[in-house]
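Chain naming follows the written order as A, B, C, D and E, and within any one chain the residues start at number 1.
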Amino acid sequence: DTAGGGGSRESIRAVGSSTVFPFAKLVSESFVRSNPEFPSPIIEATGSGGGIQLFCSGVGADKPDMANASRRMKASEFETCQQNGVTEITELQVGLDGIAFASAKGGITMNLTPKIVYEALAANPYGGEQTNRTWSDVDPSLPNEPILVYGPPSTSGTRDALAELVLEAGCDTNPEMEALKESDKDRHSRICTEVRSDGAYVDQGEQDNLIVQKIENNPRAVGVFGYSYLEENADKVQGLSMNGVEPTYDNISSFAYPGARPLFIYVKNAHLDAIPGLRAYLAEWGKMWSRGGPLADIGLVASPDDVMARNTQALTQFPTLTAADFQ
Amino acid sequence: MSPAILLLLALALGLAGWLAARARAWTFKRAQPGVRLAALPSYHGWYVALWIVIPAVLFAMVWAALSPNLVLQSVLASPAAADLPSFGLQRQTMLAEARNVALGNSPAVFNPAAAGLVEPFRTAISFYNWIGLAATLVIAFLGGAWSFLRLRPDFTARTRVEKMVMTILLLASLVAILTTIGIVASLVFETIRFFGMVSPIDFLFGTQWNPDPMSNPLNPQGDRYGAIPLFWGTIFIGAIIAMIVAIPLGLMSAIYLTQYADPRVRAWVKPALEILAGVPTVVYGYFAALTIAPGIRDIAVSLGISNASSESALAAGLVMGVMIIPFVSSMADDSIAAVPGAMRDGSLAMGATSSETIRKVMIPAALPGIVAGVMLAVSRAIGETMIVVMAASTAANLSANPLESMTTVTVQIVAMLTGEGSFDHPATVSAFALGFVLFLVTLGLNFIALRVVKRFREAYE
Amino acid sequence: MSDTVISDTPAQSAALRAPTRTPAFEKRLKKRYAAEQRFKLLGLSAIVFSVVVLIFLLATMTINGIGGFQRAEMPVTIDFTEAGIAGDANTLAGHEGIRTLEAQGLPATVQYFAAETLGDEGAAQIGTFAWRDVAEAIQADPSILRTTATFDLAASPDLAAGFEGEGSPEMQALARSLAERGLLEKNFDVGFFSRSDATNPQEVGIWGALKGSLLTMAVTLVLAFPIGVLAALYLEEYAPKNRWTDVIEVSINNLAAVPSIIFGLLGLAVFLWIFPNFRSAPLIGGMTLALMTMPVIVIAGRNAIKSVPPSIRDGALAVGASPVQVVFHHVLPLALPGILTGTIIGMARALGETAPLLMIGMRAFVATPPDGLTSPATVLPVQIFLWSDEIDRGFVERTSAAIIVLLLFLLVMNGLAIYLRNKFEKRW
Amino acid sequence: MTVVHDNLEDTEAKMRAHDVNVFYGSKQAIDSVSIDIPQKYVTAFIGPSGCGKSTFLRCLNRMNDTIPAARVEGEITLDGENIYDPKLDVVQLRARVGMVFQKPNPFPKSIYENIAYGPKIHGFAEGKDELDAIVEKSLRRAGLWEEVKDRLTDSGTALSGGQQQRLCIARAIAVDPEVILMDEPCSALDPIATAKIEELIADLSGRYAIVIVTHSMQQAARVSQRTAFFHLGKMVEYGRTSDIFTNPLEQRTQDYITGRYG
Amino acid sequence: MTVVHDNLEDTEAKMRAHDVNVFYGSKQAIDSVSIDIPQKYVTAFIGPSGCGKSTFLRCLNRMNDTIPAARVEGEITLDGENIYDPKLDVVQLRARVGMVFQKPNPFPKSIYENIAYGPKIHGFAEGKDELDAIVEKSLRRAGLWEEVKDRLTDSGTALSGGQQQRLCIARAIAVDPEVILMDEPCSALDPIATAKIEELIADLSGRYAIVIVTHSMQQAARVSQRTAFFHLGKMVEYGRTSDIFTNPLEQRTQDYITGRYG
């Protein structure tokens, strides 16, 4: 056997984001019903980070063919991929999503800003001690309710997006931190992105459904998850606005909402011809990600037209991702 | 040749050998009418049949493992294989596709490039099939012939067949040891690896449990792996809350059923309790998460305890306690039944009432058995997974408030291993260390409990 | 006895106290009887509590679950003669069929006729895959392409929720108006028993998980039963009393009490290490559960074997049967009902087991039933676990429905075990 | 059917059974037995195995109630009160009619607790001192005091068989019963222990009405003043022990005591 | 130590035990017993309970092998062959030396199967007819044929105790043994059934060497021609039954048969 041994495999395997998971499932269902000759793809929700880690651990039958991600692959991860022989990767943006902050219908309501979220959730806000117990500790205009946020774990892309799009933005409102970014990048990222672990932030594992259930049962809790879950459960939970912008389809689609972000799937080109049906499965994505398509029905925000066109093309050409793409 | 066909072939040959050998034994018998054979003709049959089937089946197994490789080698040597891609997976898949088509498992290849390989596969497969078939036949024949030639009127076929049977029985009982070794080895190996990354001191005595599977595996941050909160959560839910429910209810149920209940009532209630014990834990978990946990939170909130968690330790513990009731009750039932009736009669004859007899004589006498039963119940509760996975939380909380959320060892094992994290990361491997601790603790509890029970039984025998 | 002295006169008597015939005693007695009653009541209430919990649990599942066997469907009449969809048995057969129909615009056709029948709003709420049901019906009987046919198409989850009186007010209103016109109704969902997992609660089925369970159980039974019985025979009938057999005994007793999740760790570390490509496969699941079930069978088997009276063995030995003959001719047949009872109970436990299977990957999303022992699958309890995490109200009912199916299986198995035990409970 | 000797001087009858029948399910184990158990005497029940001695004995303190299948017909009185009267309290009855079993059955508690058990549950002792006194007195009467006085906290099961049986007798005495029933109290004991128990019975006989079931005719002859011979559920003959053994009126009795059957 | 009467006319010895010792673990149960079991006679083993009669009997067909703790020393021969020779096949030995137990233990199979089992496993019958013939002959010899011939398919356990015991004897006869060992075959039976078995033993005695352990001296006197008296693991006296019962040479034998102990 040469590189990537370990026998052969018949079913497609995808791992990664729990945000992308429901979309991947639907595509998979559609795929098996249109292509009964292929076995059903196996899809597991491991979180974007966990998924990419697995994805990048090598090529071969015992390694997944695809990683779903609710954030873009990081340069460091790309590096790991390259080192492990996963050299040819195609990146497909399947749509958009936003990290939604939500509470139960009739529960706590707030107008959040990145700064508030940062001060409420940081392990050490601005390098100091975290003393905020209630929202009103953070900002007297907010309700006097204990801070209780159910959110994704560190393996998750939503968590990364939370750190990058919200926490860091909130942190950088402080000029000192802004300056620190230049002088000590590591320290900056630790202070700005580390989340408190004293129980105010509860990591619910890779189960966004569970977060929805938790906040539905507790009117004073806030949940953090993908917009699609918010949309799907609009009758149970309500989105909290950020900087005064509601998390809605249009606001995300136009990036007016600060937590808007693209969703990706990554494919190993080497597996394209090795795994029966992999191309057809990817084509199925292309059929379903359109505006008003079946994926939109369950909460996927379609990519802007130009992006969609580019990605539709990528479904046949499979352009290889290069280090340059991460500049 | 598929292993199944080889197996059938071996069995058919065995049958033939059986018939032939039995016939042979009959001829001995007819030849010397007065003389008894040393074994029944059918044992001669079995002897030869086993000598045919066992070597043939062993060979078939070896062949099943070897032949695909041989086929592969010969296919790779064929010119059609020259332009196979060098990428392993793709190569393997194409080969597998072609083989599947050649074997008739699938109608066509998906990858057109593999089509050329189908024919070489067909040829190679049928070639090696013939070899396999021939070799099986030869081996079966050799085994059969050798054993057949040993048949004599005074040949003790039965003894030999029985020796083979005994060997098989012995091998079967060794599976238990192998399993134990397998468990211990897999746990120990990974645990040692884990302790290479995180110090056992940090793990066993640390009070912060917050592993980060995305952190750099080379810098595992030992202070994030303090398992004390998990141990506490496990004990609090499984050994405290659940037992507070299960021990009195189980014990009183057993007492009522054995000492008071009308036989007709017992005939209905006992199976009902057994049903309670037979409900899968995932159903209990669902029940806890869907019905009990929100209920408890609502009650707590209406009582003004506003920080009650909706995945409280109480909910998981209560439901686990209910699950354990039948277990405790049947252990208590056994222990009470093991107390000689003479004790009961002795007390009743003193003019004690039934409840006095039970409380002051039966229970104290059955106590070792009951205590051992409780230990087994605890060991069961702390190893229980689904109820806590579904109803407890993943938040490692060191608290004595049953309304707060807590996590347990089993929850963390599931959490760490279902994420499918990398096996190089201490967060993933920590599951094995947790499993090892769980294994040792339950093992200890069971071991002590079984000994106590045994001694208790012997005392009254 | 002549030397025994027999005396007819009793020894000197002493005054009799009669402490039991005092009023004080009577008074205490009353209290003691009250305590007796309280104690008895306590016992009774313990029983009643357990039974009530059982009934409550079963009732909750049943009430939630009954709805799970139904789904909201909308009748849509399609006039294929108008639709311009063509094809015969040949072109529509096999893998290509569905794609052919899709290429011919069947989805649009279905949508069009749905709008005809249900109005635009209603048509927007037929399930995403409704056209696939139509396509499969056409494949099954291409002749309907020349006729007009009515299909009961699944409603979208939102509409189904609206029909239940939940979800958004618009949906509730739409559901009401459709229902009034007889265009939305709950039908018994036969497909629940033939479909597999899906994203949409209206589309899910348990066949995939059930088949996974059956395959897994088959592996478990084939491995655990013979090994368990043979080991039990060996230990009970032949094993010499020495350190080795002690080790075997201790291992078996301990294995029977090892938490099931540890077996999952074993499966993950050993079986998946040996067969890395069989992740999620019933084969691995079955092997893992077999190790878990075997000790149960061994212990039950040993008890059954032990209860065969030694006099039977003596009798057989004394007419010249060899130890192996004694066991296979006499002991095993007599112990078999007991062994079977233990096996059924062990299998029932394995059938309800979830945790170890999570460890070996049987929790992944798989949209089709497994077609063999090595294809990825899930099992019924894991399916229940997965569905229990879904939030859609529809999944609550489906989960409970799946629980009912699982409980029915277990009830039948346990009932069978109890029946066997009672029927063959022999006293020699 | 039953021969009752007529030379029994008119002793006060402590218990009287009249036409008692006992059934286990549909099987009759005792067939219309009538007997007077005299005050202050030792009465022995003898007869071949399975003839119903134990069954009848257990009727006398209603221990048969604990066997679900057992059903008792007829009348048994204690001091004239019918003990099967539904209004009668079994607890009280059993406190008044003590019982000692074939196999010594001390409770798995300390020697002290074994004796104190009865007085405690019946509330006979007001305090620790009184209880101590009862324990000592009972052990003394049972002839066990000297042997165990230094180890009252040891477990009752740690004693030898004969000591255990005496402990059981002491336990029965401790609640001050009026009648003591003993079902083959020596059959599990060696000859020396048996001799001790027989001595004890002789000591106690003036104080209580004692009924003893025994297999050994020698023992019956040694300890009892009255003997009843049972056979196949019937009481065949009843009279002075000396008469029964030297001068039985019934052939079956004669056959039994000369060892023709049994 | 052992007194063997010298008026035993020189019958052919079917089995001979020479200096046999049996140990259960470290406890000696049989202490150097030597005896000749004669062909065609009935030999009775008598002695008080626990003296080792059963133990010695079970040595004669190596049923002691089934007790892990048991260890046999010394030599026992059957027709001159040492039965403890490692080369000897126990299965064959047991087919030659049949055994009937104290409690009847028919297999829970049909009456027919009970009898046919032995011949089947030993291959004594070539076909169904031959087997039928063996079953009938054995049942006839055991005096059971008339009672069961119409219900051969009924379960053996459905018979009465005495019938069951005769079934067990028939089962033993069916494999054509040379010696039949019986360990208190009548102790679980009523007198009528006992009488039948005794009759049967008398019938069989000319054909087989029979050894019977019994508690009842009357029975020994009725059925046996030779009697061995065991005491505390030793064989005390061996001789003609009539001599042993009328004219014992040893005091202990005398004491036992006159009922001084036991």
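As a working rule, a contact is a pair of C-beta atoms (placed from the backbone, for glycine too) under 8 Å apart; a residue touches a chain by one contact, two chains touch by 3 or more.
Nothing here was measured: the structure is a model prediction, and the numbers come from that model.
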For chain D and chain E, chains touching each: B, C
Set of chains whose contacts include both chain B and chain A: C
Chain nearest the overall C-alpha centroid of the shown protein atoms: B
B-D or A-C, whichever has more C-beta pairs in contact: A-C
Euclidean distance of C-alpha centroids - chain B vs chain C, Å: 17
Where chain A and chain E are represented by their mean Cα positions, the distance between them in whole Å: 87
Length of the line joining the C-alpha centres of chain B and chain E, rounded to whole Å: 50
Geometric centre distance via CA averages, chain E-chain C, whole Å: 56
Multi-chain contact sites of chain D, meaning residues that touch two or more partners: 91-92, 95-96, 121-122, 175
For chain B, residues contacting two or more additional chains: 158-159, 351, 353, 356, 420
In chain A, residues with contacts to at least two other chains: 6-10, 44, 61
Chains touching one another, given as label pairs in label order: A-B, A-C, B-C, B-D, B-E, C-D, C-E
Residue ranges of chain B touching chain D (in the complex, touch as defined): 263, 340, 342-353, 356, 360-361, 364-365
Of all residues in chain E, those that touch chain B in their complex: 89, 91, 121-123
Residue ranges of chain E touching chain C (in the complex, touch as defined): 61, 63, 66, 68, 91-95, 98-101, 103, 105-108, 117-118, 121-122, 157, 168, 171-172, 174-175
Residues of chain C that touch chain E when the two form their complex: 240-241, 309, 311-322, 325, 329-330, 334, 426, 428
Chain E contact footprint on chain B (complex, rising order): 29, 36-38, 40-41, 156, 158-159
